[in-house]
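Each of the next two complexes has chain A plus one more chain, namely chain B in the first and chain C in the second.
Presenting the complex of A and B:
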């Protein structure tokens, strides 16, 4: 009986749709060549454009009415605005509200991409944020803004964030490298966290969903098929939670890093 | 504001007109400051009071800690490896492997732990603490 399952799994893997990492494959949709640079529209790019279109049209049309008593759609937009505005105000302070557009854009972009990846369309579904190239680009954007804005407002004094206060000078040669490494690790942990969560979650979903088909094709083992089905349903709920949570964590960490740039060393 | 004003009035019954005016002016000022501070306070507690938010937030913060530690170690090790194999031979023509790698691995581990401790401290006494202080106990009672 076990052999049947194993045989079934190899057959399935050779076919299509059962490899857990196939969903992360980048496919070229429209080949574009810009001065020797491959700038083709891929499924990843198409998903980003779709997310942009959705975000823009939703925010545009839901806030277009500007009614004093908001409609349902408008109040969702307002809740989103309030939510991010209070996050920025709490973590960066009133001075940080100039970065509100950046944080809001990052949050809603990551959120919509994460959630779009949760909508299963066979052969199409793709989670853009499960690629480290995307999340690392966003993290590098954040950290460059922190560095440039910090240098712009505090000049060379910005590097004071590497010098912990209230420490005996003898320890500084040890502590400054630690602070610098800690600073460099920020964009890495920021990007790896988002990418790893999305990647692992989608692989787990796919594997457990794959078990259902394998068990159904395994004769008497089909009786066990409802177990992975139940698990997949539960995992899907968890993944939706993770999708929202990770977008929020990304926004909060952006705020925390920006507060270094705004307030400088203490 | 009024208890203070009253108290000082009762204590020295023969209060001068000038001092009375001063006290009135001060209490009015405190009132104005309170009024100014109130909207922001309300704003905060409202936005944070959303019921499910606090527990989700806590989970997000917990997920954060693991990558903080790994990030520090990876950056430290990578820096040390780069110094050993590229920068030191290029600048001074010496091959220091694995000295720098070891040193920076240890520094990186320290940085990783520093990251964890920092974000742990931020959870407890973060800038958003005053409003969270009230929101969290309520939610915990409901959820558990």
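Presenting the complex of A and C:
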């Protein structure tokens, strides 16, 4: 295991500054083979476990005291809880509060993974949400819950969401396919939005950081090196904003999709 | 045409899409500011919607940038 880590880090060190997409490479840390299926612990899985541990221990220890006047840690947990609870209440309604645990879990998981990816550790840093396999899994989970819960509560009438109300019947053959296509494209846009934002943001950061080294090695041009450095700092701030916003957008869109399943045809 | 050159031109063409997202963001923030200056007391309540719109619009520009980056680095 140690050998793998060392090998991985030397590979990363050798390739340093060459390719901006090298940071997204998945490396095996602990090879595990389950009945012929490659279930190895990768850096992606390790980051997810780290996020899970951080979230669990933070929420567990901050709310463990349950004091009436909250401590600082406890009040942050309460703000997070209130924030997501009001988002769910606004977008899905009181009936949708049964989905609060799902939305809260998705939000906090995506948020912590996005923010962990913003902590630069050479050769280690990895943004789990920059892989479409991860975001597509989350999006498919959301959309399957929408479909199964919608069919469970409304039966076949759930498909009424494809028929827009107050439209002349002559237009329906045109509008129903459009509604169906927009429904099918929901999980695609939900997953691609998160993954593309993370991927493009980190690539842009790496490219601008690469300009610093390029200018420093270019003789008199080294005088210009502070410019891309300032830009990289600004981009980092933007990326932190984007990391939080995209987690919020993921949660809000989940709420909006769930609202279809809860309320049915409108 | 040399495939490498075609790739570069394609990436450049794909990056035009980010400008379209720029137009969208300008409209978004401009209209928010116009509305906020007319009724400053209502502006604070709409900040969440503004940020949501920002993230949704910016994502479309990122999609175009993603195609450009894929052409440059992935293929």
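Basically, the second predicted complex is superposed on the first by the 249 of 266 C-alpha atoms of A that agree within 3 Å, B and C clash if a C-alpha of one lies under 4 Å from a C-alpha of the other, contacts with A are read in each partner's own complex, and residues count from 1 in each chain.
One rule holds for everything that comes next: a residue touches a chain if its C-beta (ideal position, glycine included) is under 8 Å from a C-beta of that chain, and two chains touch if they have at least 3 such contacts.
It should be emphasised that the depicted structure is a prediction, and the values quoted were computed from it without experimental measurement.
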Partner chain(s) touched by A:222 [first = chain B, second = chain C, both, neither]: neither
Greater chain A contact set [chain C / chain B]: B
First (chain B), second (chain C), both or neither touched by A:19: second
Partner chain in contact with A:245 - chain B first, chain C second, else both or neither: both
First, second, both or neither for A:181, with chain B first and chain C second: first
First (chain B), second (chain C), both or neither touched by A:196: both
Chain C-contacting residues of chain A that also contact chain B: 192-193, 196-197, 245-246, 248-249, 252
Residue ranges of chain A in contact with chain C within the complex: 19-21, 192-193, 196-197, 199-201, 203-204, 242, 245-246, 248-249, 252
Parts of chain C lying in touch with chain A, wherever the complex brings them together: 51-52, 54-56, 58-59, 62-63, 65-66, 69, 73-74
Residue ranges of chain B touching chain A (in the complex, touch as defined): 43-44, 47-48, 56-57, 59-61, 63-64, 67-68, 70-72, 74-76, 79, 104, 107-108, 110-112, 114-115, 118, 122, 126-128, 131
Parts of chain A lying in touch with chain B, wherever the complex brings them together: 82-83, 86, 89-91, 93, 174, 177-179, 181-182, 184-186, 188-189, 192-193, 196-197, 241, 244-246, 248-249, 252-253, 256, 259
